[in-house]
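Below, chain A partners chain B and then partners chain C, in two separate complexes.
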Partner chain A sequence: MSAPAVELVTVNVDGREVQVPKGTGMIETALAAGVEIPVFCYEPRLGPPVGACRMCLCEVEGMPKLQAACTLTAQDGMELRSAQTSAKAAEGQNAVLEFILLNHPLDCPDCDKGGECPLQDLTFRWGPSNTRMHFPKRTFEKPIPISPTISLDRERCILCYRCTRFSEGVSEDLQLVAAHRGAQSIITTFEEEPYRAHFSGNVTELCPVGALLPSTYRFRARPWEIDNTPTVCGLCPVGCNTWATTREGKVQRILSRNHPEVDDGWLCDKGRFTFDHLRAEDRLREPLVRVRRRGFEAVGYDDAVREVARGLREAGGSVAIAFSGGETVEQASALARLVRQGLGGDAAILPDDLDPAVDAFRAPLSAIRDAEICLVLGDEPVMERAPIVDLWLRAARRAGAEVVTVGPAGSVSTPPGSAAATSAELAGGGGSDELRDAGRRLREASRVAIVWSGDDHDSGRRAATLAASLGLGDGSGLYVLPRSPNGRGVAQAWYEAGEGRGFDPSGEEELGALIVSGDEAAYDPRVAQLAERARFVFATSMFTGDHTLWAHVVAPGTSYLERDGTVVNLEGRAQRQRRVVDPPHLDELELLARVGTELGVPIAPWAAEATVDDHAELAPRAQLEAPPEFAPAASTNGAGPGLELVVYRPLFSGPGVERVESLAFQRPAPEIELAHADAQARGIATGDTVTVGLNGSGRALRAAVRRKLRPGVARIAAEHADGLGSHVEVTKA
Partner chain B sequence: MPALHLAQDRYGWLPPEALREVAEALDLTPAYCYAVASFYDMYHLEPVGRYEIAVCTNVSCALAGAQDVLAAFERELGVQAGGTTEDGEFSLSSFECLGGCGWATVVAVNWRYREHVTAGDVPGIVAELRGGEGAGDDA
Partner chain C sequence: MTPSGLHEVLLRHADERDLTKRAEYEAVGGYRALTTALRTDPGELVESLLASGLRGRGGAGFPMGRKASFIPKPDQTPNPIYLTVNADESEPGTFKDRELMLRIPHAVIEGIVITCHAIGAETAFVYLRGEYATEFDVMAAALDEAHEAGYVGPGIAGTDTNVTIVIHRGAGAYICGEETALLESLEGKRGQPRSKPPFPAISGVYASPTLINNVETIATVPTIVGMGGEEYAKLGVENSAGTRLFSLSGNVVKGGNYELELGTPLRELIYDLGGGIPDGRALKAVIPGGSSVPVLTADEVDTALDFDAMAQAGTMLGSGAVIVIDERACMVQLGLRVAQFYMHESCGKCTPCREGTRWMVQILRKLEAGEAEQGELDLLLNVCDRILGNCLCPLGDAAAMPIASYVAKFREEYQRHIDEGGCPFGGESSLEGVVAPVDQHHAHLRGQIEVPIHA
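Showing the complex of A and B:
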């Protein structure tokens, strides 16, 4: 791909000549000339500039009035004078700031933004030192909790519209809006309903004043008494780059840390607010060993290590590991080596097991935005599995890309579980007219993004075959969404530690020992079943749970904020997680190193020195070995009475989120999504209570009618689907 | 916006349910519809009377005595600008430019204009509307 020729223009800013590509924004042009123009509302990531705050007023040669620099672009011969050299601009800017401060409460000593507030900083640097406002300032009720996680102070708001532009033009949730007009404008939600959206927390970072603040951070810390540690979120397979703010050894908030190829500086509410799980009441704090008839007993690490080593040694090589997929590569590698090299075991449950062929089509997530056409396959909503990917897809659509979604709620409607079959049809140029047309456009386009969000065990291989058959070249990318945050890294660590594939837990024979690594694995019903066949079970987990009934030794686990190590995200990018706070006990790696000593496997008790930069780069593409052949796709089980149930795993779920009270409102309501036609046939409207079940037994859920959902299909979040089969009958209660 | 007008014609104003219905029909959110509806004075977020009387108080009309006209309406109807009479018959508002500067003061009754209105005309207008004639429900 050859870069298009760039036309350079010469612009004069405050007497300094600078050459920039034609069309560069004036704020950036001035910066290139070494001149800072202060701004509030300007934020290129929010789309086109709006010129709302007027802070960037400048004098432009040939224009009689002062201009908002943020709305101008560089043209050849332009002469711009900022407030630093133009008295007229300085006067204008001063007046603007005086106006902005007219009703601003100046409660900086009381305000959490104080010390890191653009309004405060710019007023100090550029603003008037006093006010001529003698009238009482406007007051509002405050703070208003616009959601359990965000507080709004309307007195401090300067109406820059950054937050509403985010809601409308980035996350597209359209929930936070500016109501009324002119001086009466206020930022609000509808009817005081909570701002409930996966990305709502970003408005607290966008707000240039103390109007929108995270409720969890109110009166918690001051900028001069905190530490910000660069790390990587460990809650979904995107791996957004973050800052973790700590004060006195406690995490107080999480902020985004812009990695332009991964997250573009956005962070979902799960990544932002889940940190409170560190302080959950039911955290395990010391190792527990089961004592016959007396239940569990807290023991020291020496006893625990001895007990674990004994149990594993007695297993005689019949050892399996159940991974969570959230472990660091170092942790997973330690476990894998312990079992494969130290004990001669060869079995693991891997949450993700992607075929390495996908790496032949590796590309940064940001390439989605530049695609001409995007294809999204699979039943699992992208927003629930890897939310940032959904933002990239929206950005692509806004930039003019066609986004084809194939699935039960897609623009091309297919039955549940048919991603594999559809991909085979697309690759072979078959299928419905709609699909054939889409396939043709995918072949014609030079920049394609394919997102695969399903749970088929061989989705990686199928996705790679599809990408190969569509001829995806440079500039195109394939993104198979793993189900766990570091599923790719864990699988890689497992395979590097020895020969052989993963493990099929469906057998019947007795197992010598089972290692349950982390809470996700401990919650997995398949793992619980496996544990019944194991003579010895060793579990690590942060929290108490059912597994504390069936494990023999339980060691306290750490959160991703409490350990050092490497994680591999869905792109295949290795990133570094840093220990932000110390865990209240040994971390897993230290414990495994001690077990390793007992079993004769040398394991380093810490992650190697950072081999990954703060902004990790993506490794080059792998070579595609002979494109894998297509196995015929298993036909989906479409037949059955009633509606076919699609169960998805919501983003706001899992052991961490479930322990954070302020995120309870984000968890899916007890609701079942129904297709329009099915709802009509049953006389059901959105909001009705319906009975969902089969053969008379059923439960009451709220109905949500969706026009996009395929008739014959109902969709439900996993936590409300417990005990429901693959097909259900839905009747109005 | 036409959808909001349709909803307002149906309900007489825009209650939250109406905004929800418009949002669902257009695949938008109620918040977005509320933002639009609250921006424009011709959408009502509270119930209004059968007759909506809008008195232009912008520059031209103000120079021609619009404040007196408004005060006369307030006296005659017994409500302040922005209010609705207790019998639900009249809503009175002070309006920005109605675009009839040449015929100041302009008073719109259900968006049908009356021109060159003076304070002295007000009792007559109110009496006429109370009599139920010439209401202009078709506006």
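Showing the complex of A and C:
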């Protein structure tokens, strides 16, 4: 990145001179001079300042009126006097606080924000000690649930419009709005529908008062009785940095721990609210061993370790392992060494198997925002696979970048499953006119972001080839979205534990033993098939249920909030996940160590690789060895009658989410998305009930007509696609 | 020398002919300025506007030529340039723009096209007050006629100038007359002011350079082109060039719009043209520029109607609405009525205005009911003072300034409400015809939104 020369200017704040780059915000400039100017509405991540609350009023030399400091930028020679040195500014600030508090209920004793509330703090420091307003205060019905996870107290709202600006200008869901006018202004949702959006929970952190609060935290804890542990979200490959708040050994909420290169301080609702799965009723708490005919029986860890060691030893080297992709590097490494070094096994199902070539184009996620042009390839909606990436893309578009999406719902429409073919065309400068033009613009731009969101197994290598052919240099980045949160770290651990790439355990012959690591793997139908061929199956799982019925030994597994270790996110950044609370059972790594001792594989002691630094840095780019080979791309999912079905995995799915009641409303509706032309041809409109299936038999779903979707293609969330083939007939019911 | 009497420049011929018809307008020289202007270099037009001394007629009185000169030239900006005409006219007492649109719509259109040419704009929006239904019909019909005659549209009058005019109807909010709230509303957003800078001249509608002017300002442009900037500047007095339409209302015999040269004494408008106060009652006060400006007492009725004279008297010419108040008026009642309007119209974006206007109304209610305590007058003044200068847009000031001036100039009357535990008029006061009460605005609003005040 060529850093443009910065012009430094000198600004005087309260008599202190400070040098900052020209155009620096005044709040930051004052901070650099050691002066804190109080703010409420100012939040640079929400876009340009709005100057609404007036809390930051300051005196500026040469201007007759007080100025909202948050709306000013540093200019040379500027002299600013804050409330600390200007009586006029102090009077203005005091006036604003008085106005803010005029109708504020001051119900701090039973407000969840109490003790960590900016309004409370500023009132304490600057505010009036009593009120001159002796009229009844404005009242509203309260609290109002604006969704199952968020409640709104309009009496406490100070109308800083942070929440609505987030909804309009960051997540762009446009659902949170202000209604009415003047003193009767309120925050509400559009048409009073529930606030159902992937990022809604962020408004509870943006709100500077106790107006928008997570319902899940209502009356749960007080700031002086909680601990906040820095950790990393383990639910998708973004790896947002978080604080986990605990009280008396229980997780009570998740907050963002802004990593400006990774998440910019935002979390998706999955990351924020899924913690409740820790308390799921069907959690496994003791190891289970299958007892013929009687099903499972709870046993002690000694017995479980013995059983597992026996089952694995008797496999005679015919051992396969199925990973979930959520394991820490340390867990995966223990398992991999157990299988590859201890048992001579060589087969693994890896949720992600990215070619290391992608690391030659490694860049922080924040580089997306600074790109001139972004290319998004693949059938999987980015928002569902790595939600924060979607926010970075929106930020790029707002900053003026062109965002080209190529896929069945893209700005450049291509058939499902054709990302590989498209990338080859783009790399070779061929394809449709549209694609050729896009390719030219990609080559001409100096800051490019490529996001690949699909399930093609070769995607890493193909993406790297594309990036190399487009000449992606510094300032550009390639982001191949893995399926699983730590899929990259798990694959890395697998390869480091043995020679060669191993083999794919699909086939027909009998297996000696199968290790199923975690619930995600256990839910995978490929794994279930494999289990049927295995003489012995050992599974770890957080939850009891049908998904481990075929196992011989099941040991309780930990959640990402209950273990300590390293995770590698989609950028390739190694971050430290921390044990926030103790699991209600032995850590599975401990169990594996004991199995290792039985089998003669030393596993303990393990130490997490990633440091506990505040924010993990991204490793420098890898060298691109030789330009990767170009493999011809198979492009289609095959032909068939009816509409071609694209099945995606929704964000709000998976074993954890499914156990969180307050997130049920976020799960995808039983809905099938249809292209406008296909819907018209069948007389279907959004909201109609349609029959989806083949040969007359089918299931009823709601239709959602999408203008962007490619004709001939229908899209559906995986959980509603069960039993549907690659092609379906859709008729109006 | 003080100008005197009616001086119709804008409204010349409007009494003799139906100037809503294009042919009639042309017959008195209409659209001739347009033909001249389109063949004049844009820079020269802006120079001429500067020389004319024309100051904005919407309220703030900013020199129009200066504002036009802030607009980047078409080759200096990648975005289109826009003209926006502020026809939201909602300041209580103001009804001049509607008369201009109803009687000389073609002058407005002609002014728009000339101004567009001067600043390099090809699209102009007219943001029309929602309640102005007839005005919309008349303007739309005139626009159709202008289109037919090729005064609007592509290749106007044989030149390569293209101008499209879009009339956008508001939804009934005073704040949408404030220029940046107007732009938000025009973009389909909630009508709330933006923080400035950036100023509209740099980043206005759709983040593009935008010139915003009042209807009357724009309607004056053809006159200036017709007579030349320097000639126009000779009308009026120093710093206040030209003529203005004054909307005379309240306790006066002949209310209505009067076009006067700037600098005419207020007394002349009220007594000579307006016929004085009905039934020989005594004058008590005058609001010289719409309900948002500080009041003048009867003693100040010789103040001249120009920018500087009004500033010297501690008030403003504002929107040119002269509201006459006679001896029957209770100034506490008037204060309440005016404060209610601004509370009702506060957009709610910034704290001092949103909260302060409501508090003002609460205190004024208490005063009017005779329930206020000693000290609450000072509290009221302090609330005004804490709003003044601390808001995001001038609406907060517009609420605080008049009330503070009523208390300052009629303090004794306010004090008696406390001392005597009620209104000294004993129920005999009247605000008849002086600023419509806020519930009349309610009637205009779909759904009749109530603004409950628990007092």
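Everything that follows uses one rule, which is that the second predicted complex is superposed on the first by the 719 of 733 C-alpha atoms of A that agree within 3 Å, B and C clash if a C-alpha of one lies under 4 Å from a C-alpha of the other, contacts with A are read in each partner's own complex, and residues count from 1 in each chain.
Note that in this section a contact is a pair of C-beta atoms (placed from the backbone, for glycine too) under 8 Å apart; a residue touches a chain by one contact, two chains touch by 3 or more.
Being a predicted model, the structure only gives us computed values, none of them experimental.
Undergrad: Could you tell me whether chain B and chain C fit or clash when both sit on chain A in the superposition?
TA: Aligned through their shared chain, the two binders clash on chain A.
Undergrad: Using the touch definition from the top, say if A:Val580 reaches chain B (first), chain C (second), both or neither.
TA: So A:Val580 meets neither chain B nor chain C here.
Undergrad: Name the contact category of A:Glu191: first (chain B only), second (chain C only), both, or neither.
TA: first
Undergrad: Please work out whether A:His180 is in contact with chain B alone, chain C alone, both, or neither, and reply first, second, both or neither.
TA: both
Undergrad: Examine A:Val50 and indicate which partner it touches, taking first as chain B and second as chain C; both and neither are also allowed.
TA: In the superposed model, A:Val50 contacts chain C only, not chain B.
Undergrad: Using the superposition on chain A described above, determine whether A:Asn103 touches chain B (first), chain C (second), both, or neither.
TA: Only chain C is touched by A:Asn103; chain B is not.
Undergrad: Considering only the touch criterion stated at the top, classify A:Val554 as touching first (chain B), second (chain C), both, or neither.
TA: neither
Undergrad: As a test of reading the superposition: which chain, chain B or chain C, is in touch with more residues of chain A?
TA: Result: the larger residue contact count on chain A belongs to C.
Undergrad: After lining up the shared chain so the two structures overlap, which partner does A:Leu152 touch, if you call chain B first and chain C second: first, second, both or neither?
TA: neither
Undergrad: Contact-wise, after the overlay, does A:Phe135 reach chain B, chain C, both or neither (first, second, both, neither)?
TA: second
Undergrad: What stretch of chain C clashes with chain B when the complexes are fitted on chain A: 235-243, 415-423 or 433-441?
TA: Between chain C and chain B, the clashing stretch is 433-441.
Undergrad: Just to be sure I follow: which residues of chain A are touched by chain B in one complex and then by chain C in the other one?
TA: Shared contact residues on chain A: 177-178, 180-181.
Undergrad: So in the complex, the part of chain B that touches chain A is made up of which residues?
TA: Per the stated touch rule, the residues are 16, 19, 24, 27-32, 34-35, 38-39.
Undergrad: With touch defined as at the start, can you tell me which chain C residues reach chain A in the complex?
TA: Its residues touching chain A are 173, 175, 190, 194-195, 343-352, 354-359, 362, 379, 386, 389-392, 449, 451-452, 454-455.
Undergrad: In their shared complex, at which residues does chain A touch chain B?
TA: 168, 173-181, 188-191, 193, 686, 707
Undergrad: In the complex of these two chains, what residues of chain A are touching chain C?
TA: Contact set of chain A toward chain C: 48-55, 57, 65-66, 68, 71, 91-92, 95-96, 98-100, 102-103, 132-133, 135-136, 138-139, 158-159, 161, 177-178, 180-185.
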